[in-house]
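What follows is a set of structures for review.
Next, two complexes with subunit A in common: one pairs it with subunit B, the other with subunit C.
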Partner chain A sequence: MSWKDVCAADEVAENSLKPFNVDGISFLVANVGDGFRAYPPVCPHMEEYLEDSGLCAKGVLTCDRHLWQWDMKTGEPKGPAEKPLLMYPVKEEEGRVMVNLEKELEYDFDDEDD
Partner chain B sequence: MLIEIEKKGQTHIFEAAPEEKLLFAGLRAGISLPYECSTGTCGSCRARLKEGNLEIGWPDAPGHKNLKAEKNEFLMCQATAKTSCKLGVPSKIEPFRDDDLTPLHHQASISNLSMLSSDIMRFEVNLDSLISFHAGQFFVLKAPGIDGYRAYSMVNYEVSTNTLEFIIKQKQYGSFTDWISSSDRVTNEIEIFGPLGKATFHPDENHDLVMIAGGSGIAGLMSIMEHGCKVNYFDSHKASLYFGIRTWDDMIFVERLNSMVKRFPNNLSVQMVASQESSDSRPPESIGKLSHGYGWVHEVALNSLTLGQENTMVYIAGPQPLVDATIRPLITEIQLASGMIRYDSFS
Partner chain C sequence: MSARNHEQWNAQPKLQSGEWVDSKIYSDEEIFEEELEKIWKQMWIPVCHESELKNAYDFRTMTIAREPVIVVRGKDMKVRAFLNVCPHRGNMIERRPSGSFAKSTPSGTPKTMTCMFHAWQFDMKGKCVNITRKEEGYQDRLCESDVGLRELKSEVYFGGFIWVSLNDNINQTVEEFAAGALDSLAPSVNEEPLEVFHYHKAIIDCNYKLWHDTNCEFYHDYLHYHNRITGFNDEYFARKNTGFKGGHVNVGSFEVQYENYEGFHSREELSFPHLPANQWYMIDMFPGVNFNLRGSALRSDIMTPLGPNKVMIEFRGLGLASDSPKDRKIRIDHHNSIWGPFGRNLCEDLIAVTGQGAAMQSGSESRQILHGRHENETIHDENGMRHYYEEWGRWVGRSPSHPDQPFVEPAETA
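Then we have the complex of A and B:
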């Protein structure tokens, strides 16, 4: 398995994102209040870096480029967003955030299943 | 040349003329290709070439910065087809809304140029036939002998018209501005394409309005104000326009705005917000019934908004830093739904 110890649980403030790069894979860790989520680093729309363009408010992530939005817990699209956020498996163990990076997740330009 | 796009099992086919930008060819065929600025800057109209040959156009377009060359990505607003092509696009392709106005190419001529302030010029574009557009939309204009189109929002609004009114900030875009400012132009004929843009006003949506303009961004918001006045929208809906300028000398459209405010004194307000005037400077008397403020226009406007204004549509028009600085607090502090914010990104 490719579970990676990424950071301490108190390193990512509630309702915020923090970028990480482990073994050459870039991703974002989000603190959603009752746990953590990990997404690819870019918006699935125009591949803007959500580290810069992402706004977190009330459990909703908004890319300020074209206002695509997602439920931070489920990754499901809201409002004008056409694609969900992809999510890496995440678990919390002894105050550490662990992310499974077995396979790098990337948004498919021609994804017909979105 | 035939252009084919397959998306979600559906095949969309349109004809592109030689030298015609693929985005414009698709839009005029009623296919809702993704775009924002339509002039090479924002990158929203990126697509992938799957078969065929094309000319990518303006090689230094700022919108190229996020494209993947190895995946044959290009900007539809810049590219022209050399052969029939098959393309991929990343967004949904849906039919235009029923009342959407299909954009078309037009030949037109410019007239009635005048200076409104030290650096804002007003001009009109005259067409041979009547056209319609939504308040808040823009056209792209191309001058003879100058590469590429420039986007300008209409100032006026009519249900249908053969005159489009624009303003242009001098020296803002260089070549087109130089051309239109030149007294020795050999022709007044230009090519235009439109209407374009999604930051539009629709009275049947029944929203209160907050409009935030920086500099020449006032153009599209004037069109919204004109439309609202024509249909007496402000008899029953509140609207506030915040117009950001540097100094009182930059005030334009003061008489037109005054007549609007006088007509709807209970629901319509306009505030001129000067970023480079000290708070002890007073605006000239010509400001009339318009109020005034000091500092950054978005900060003044945001101070007027409160949590829970669920029926307020916010329009933002102006330089990209103004748009960015306004959107962040609207989402995170005012917690406005993203569907209640409208703007067109030109960078």
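Then we have the complex of A and C:
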């Protein structure tokens, strides 16, 4: 299994996102209050980096470009969002956030070469 | 007779038809508008060089005849040109002169052109990929496939220059448009990739054709202090102006004796491929482009007419993309010492034509501008300009010497 020690639990403030890159895989760690989540770094709509465009409020993540929204705990889409967030398995052990990076998760974007 | 009164001043010159033009063609608002419609919106215009868009998602913006144009390099590395106008409310989409769409912009997401006004977005092929609140506003009445950008005809030709035409129905390739005028330099610029190492622009108060005129003759050697003090040789004066179909002119080469120029050195070591040592070719393309290769550096002047008495001239210097840093530095020095903003000749040329512009402002009285020198079609001849204005008359439909009368094809000379 590819569990990776990513950071200390207190490195990511509650209701916020923080970007990481481990072994060449970029992802975001979110602190959702009673635990952590890990998502690919970009918005599933148009590849915007959520590190810059993502706003966290009341358990909802909003991309400020076209206002797609997700439940931070489940990744389920809300509002105008049409796709869920993909999520890496995450666990917390002895005050460390561990993320399973066995396979890089990527969204399927419409290829412009059609 | 010495000085002349008004009537004498306005009398027809003792020259043949075609050997002078009316200054109105340099100053008249109506003629200027006709030129934009009948010439600039019809032709192939080089807008920049492909080395200015090296990577996928790089772009460059410009205008042709006031129309905003954007040139982008797609993920497939192909260069495409579009009208830089949003199909929604007609806003100019990209305002920066150059940059990259690879990363997100304040208004948009990566890999897209985004109109800052309502965040409509387009990919590098001009396809609309996002209409904000589409269903809410248009229901099923309008979708992305209805509102793509307007793609413009474009070609990469002659050492990597990007040519664009606003005329969808243009019935010739750039090669056909050039009609052989570029052939003398083609081997030198097409052998290996070129790269722009110098860019500056001048926005000056004169008609664009006055700049083109000064590129079409070397009689203004008398303007250039350094040309005079270093003297001319027979070979210099023997160079021919050769006209090509379409109003283009090629000024023949000769070997420049750089050792006669204080502080200058031979360009032999860094000659462009296939170019004999220290040779110098110059090509004037209709309606307002100039390519100038002096041994080690290629210069291009690309004109954008902004008004009857205002032109933007973009000056680029190009070398070989494979240059080592040391060679590039020498090449830049060769280029800038003559053609840079503080070079030996360029600033003097700019000063000269702004004097013409000052005397030919809109509303100034018509007067004759003489293009009547005959010197065996060599560089102090004015046949290059005569050739240009014949083509100009053909496109605008006005006689250059009597612009209120229609253009008449000159009689064939056997």
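Convention: the second predicted complex is superposed on the first by the 109 of 114 C-alpha atoms of A that agree within 3 Å, B and C clash if a C-alpha of one lies under 4 Å from a C-alpha of the other, contacts with A are read in each partner's own complex, and residues count from 1 in each chain.
Convention: a contact is a pair of C-beta atoms (placed from the backbone, for glycine too) under 8 Å apart; a residue touches a chain by one contact, two chains touch by 3 or more.
All values reported here derive from a predicted model rather than from experimental measurement.
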### Task
Kindly classify A:Glu82 by the partners it touches after superposition: subunit B alone (first), subunit C alone (second), both, or neither?
first
### Query
More residues of subunit A are touched by which chain, subunit B or subunit C?
B
### Message
After the superposition on A, what does A:Glu47 contact: first (subunit B), second (subunit C), both or neither?
### Response
both
### Message
After the superposition on A, what does A:Lys58 contact: first (subunit B), second (subunit C), both or neither?
### Response
first
### Task
In the overlay, answer first, second, both or neither for which of subunit B and subunit C A:Asp71 touches.
neither
### Message
Shared contact residues on subunit A, subunit B side and subunit C side combined as an intersection?
### Response
45-48, 65-66, 80, 110, 112
### Interfacial residue positions of subunit A with respect to subunit B in the complex
45-48, 55-58, 62, 64-69, 78-80, 82, 109-110, 112
#### Entry: Contact footprint of subunit A on subunit C as seen in their complex
74-76, 104, 108-112, 119, 121, 123-125, 127, 129-130, 132-133
### Task
State the interface residues of subunit A toward subunit C in the complex, per the touch definition above.
43, 45-49, 52-53, 65-66, 80, 110, 112-113
## Note on the structure
Touching subunit A in the complex, subunit B uses residues 7-9, 36, 43-44, 46, 48, 66, 71, 88, 90-92, 324, 327-328, 331-332, 335, 337-339, 341, 345
